[in-house]
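Just passing along the structure, written as structure tokens.
Per-chain residue numbering starts at 1, and chain names A, B, C and D are given in the order in which the chains are listed.
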């Protein structure tokens, strides 16, 4: 394989740069050339690319986001668009493609695979909602960002006897909410996978209050309700002063944690090794601490199992 | 002076614990006893207090918030309430009081002073809106919290060619907004003291965009407009994808910075030294790197000068 | 089981408090009493203990070290000492014991098990050198501490064209060195498990230098050589200005990462559930993301497998 | 003034990039061209330079070190070398020079000034040992790095009843040691300006120990003694287990704090404004919160006043 392409697509996350760097250096080490497409599939369509050298990827490992940038491409969703992408890859002599991104991006990778492009996907999504990998890129950094902010807010909550409803990311997945609830000692986690009984929540807070514990942190996954509504309910039910903080895009960025730097480095390395070994149409993942590879067509139709046990643990320890 | 009281009042901030610790140790070093009132003036009224020892204030220096807690007290706003507070202090044998807080708290301290209680105030307010001190407690930590979050958001903004409107605290003061705009290289700061010309803002963003710089950070002081409105305006005017993040209470807490630990330590020490030297009815402050003391009645009627020069600098460097 | 004891022993690490808190709350939730012994086995021998309540373990989750403290006990290494420990447990009515610590501490736990005490161990060791768990408590936080420091040092190294030899912990294990080398993009990792060829190292640095890359980071596990010697060798061989930093005890402490807070919470919960289910003489561990339990007598005679693949990856990416 | 040069010299520190960025943007805003010399005076001699544009200085504000790099130049210490430097500046059409660095660098700037080059200096030195500025660039970030590490080490110290001697930078200046001692609640600071009475130190530690406080942190400025000697003395005198950590180059780098980003931005802006206003041979500084300018010949012969009061405060609060 003489030339390999790399792109990042969908929502950015910390660790993408580690994967880009590692894939690039691994390919260069095998004597292959590397090109990076800017802004995901859009760059592939526009021919917006970058010759990737050892130097080009120096000094990016510890930076958040993706220096190749990311974007949505409407054109790539069309058959014509995809055909154009394949032509561009052929014209450029790119014989293998590494796609780093979430669900939508991996679907795009599968489409290219079906059109004959050797492609390997790398799962990157702070929601940790991609099947066939224990952890996706960006999750650990997002969690560490969250607990940093929640620790700060707890200082205020405990100084003032206040409840806080803190909204974290996770439209369909409560992973970030459950994990950060355990990790910050929050009193309650509200997640999309489990119906929240507001009356029960208020009862617990009232009981705590009667025991003299008069501040509380409730972590809410964004897909599980509106923070202000929940705060209003708490206020109405038990008269507790309740504030709302929506952590928002702060969660995505920042210097990647060790875990995401290692994971990105391993994913990038494995993706290129897979391509060089003739594999294609797969996603690399983390399975029991080892790197595994699963056909993209299996990945994109599978739903990630919920970790009920961990949500329950968050409730046991919150008491 | 045989017994000194300490309380924290109003919004909590990082560095309050340093001031409590320092005041306590200074007083103990002079052979005085120290009591801490819990939850500000409310604790003074309820007799909710704590014997302060060297041990009691060990291990609090690096923690955000205030371990004496803070709260509002409606009762203390009444004449009867204040008379009760004075009686309590007399009954407890408290001969001097250190009040740590913002504008409202210092007004309370002045009231007690006028009723004959020897009291020294310590300015604590993340908005930096208290006159007669260059910096109030908590400002530097809040700023460092803000830039940590904004640096994270910039990773995302630059990965996606997006504009972000980031709301920081500051109802009447643009200090946090202007300073964090300079410190993060934000493109624009919107502050209460200076009318914001949205058309001008949009023109600048459009001009940047035409030069190929397609992401932008706008820092908004909470008192200077609604973040979502401004984002909508930008979107309408130049079609730029614009997201909003409201940093909220995250700004208040967290391990205090060096500056706030030093400032709190110096303020706490100076406040007790003032009391022991027979001073009263004053607020200690930072004036040109030295500790100064100003009559509370002067402080509470003065407005902190705006730092126009620094807001302008934020605009010059944002270009 | 009516009463459960908890102790931390050996070198402290971040995440121990999470384990203590979780074990305590789990036991209390099952209606059992909990006592904490201070300073490890020494406290067990002296009867230095603490009644553990929900309150007692509030506010410790995010703090480094162990609030139960740790210490070595010569007395506990003797048969008489251990017999005394068993008697104390019986006198106190402690029917199950949770021991949190490294190799030596788990050996102590095994000894108590053999004397009839129902005991469950929790692996805690920043070196990650304990078999039958993918990760020990404290490793992830230590790694994050290390990369924070190395990122700082890289700023200086790249500002000055200097090489740095940075010594990290790991007497017999290169885990921290290899992982932090990957995670920081270091040029070289020197570990006890693999003989270091200084000539080869110098050749690589010289080659880099000739390509114009004139700064370098070498991560050294403490058990793999003396940092100053290696720096002197580099200086002599290629005339490169080379500085040494020994990270030391800074690596141990600090606010635990998400990973260690979750791991500690899960370990503490599982250890108590094991005891309540009648299990004994085992160590809980993390196996493929799930909690597993292995007999202590198996654990203490096993050596943790090296991760050769990851050391190699550190070398591939360092180029 | 049509063209302005910038260089960073001597030991790097956080905030230098903010100063470079601000000076560049200010000059460009006035229609002047800007060149950056790489590796300090060495780059000036070799003609190793960089055209500075708005883009070139984008994305550097939050990064430690100096992207223009720094180095020592033996050649520049000679008269011939300096004459060459002046010729180079003339040949390039550089009409004004901004020099960012410490004592040695400012001496170099003075030499150029005396040879007719319009030059303005910016004080940068983590030791805070430059006169005529309340704070030099890099000090605040270094202090925040130090307290981050010391907070971590305190976790270990308090888990184990140990004393730690922690060496911080400061060959002739105890500023970092005294300030970080106050900010971390250390028990003792040993600084070059005040003779340390080891017997007194040991007595204090013994007294603490007898009161049951059995861990201690001693902060040592590197110029005030050898850490291991002091640890050995403590061990010999009171049998206290005492460990040593030398923080080393970790202190220099890292993302600059708000304070250093603001200070660098203000210094860079002011330096260029001074040049454009026809000023020369001066150093800008921070005087009572305002920017001041002092002749370089005054600066380099002056010694920065010690802050005895703050060292005493560190001792009062350490008790």
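Convention: a contact is a pair of C-beta atoms (placed from the backbone, for glycine too) under 8 Å apart; a residue touches a chain by one contact, two chains touch by 3 or more.
As the structure is a computational prediction, the values presented were derived from the model and not from experiment.
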Task: Per Cα centroids, the chain farthest from subunit A - done: D
Open item on the list: Report the inter-centroid distance (CA atoms only) between subunit A and subunit D in whole Å.
Closed with: 39
Open item on the list: Just the number, please: Cα centre separation of subunit A and subunit C in whole Å.
Closed with: 28
- [ ] Could you please state the distance in Å, as a whole number, between where the Cα atoms of subunit C are centred and where those of subunit D are centred?
- [x] 35
Task: Residues of subunit C touching at least two other chains - done: 151, 154, 158
Task: Chain-chain contacts as defined at top - done: A-B, A-C, B-D, C-D
Open item on the list: Considering only the defined contacts, which subunit D positions touch subunit B in the complex?
Closed with: 21-22, 25-26, 29, 54-55, 58-59, 61-62, 134, 140, 143-144, 146-147, 151, 154, 158, 179-180, 182-185, 213, 255, 257-259, 261-262, 265-266, 269, 287-289, 310, 313, 316-317, 319
Open item on the list: List the residues on subunit C that touch subunit D in their complex, please.
Closed with: 8, 12, 14, 39, 63-66, 69-71, 145, 148-149, 151-156, 158-161, 164, 243-254
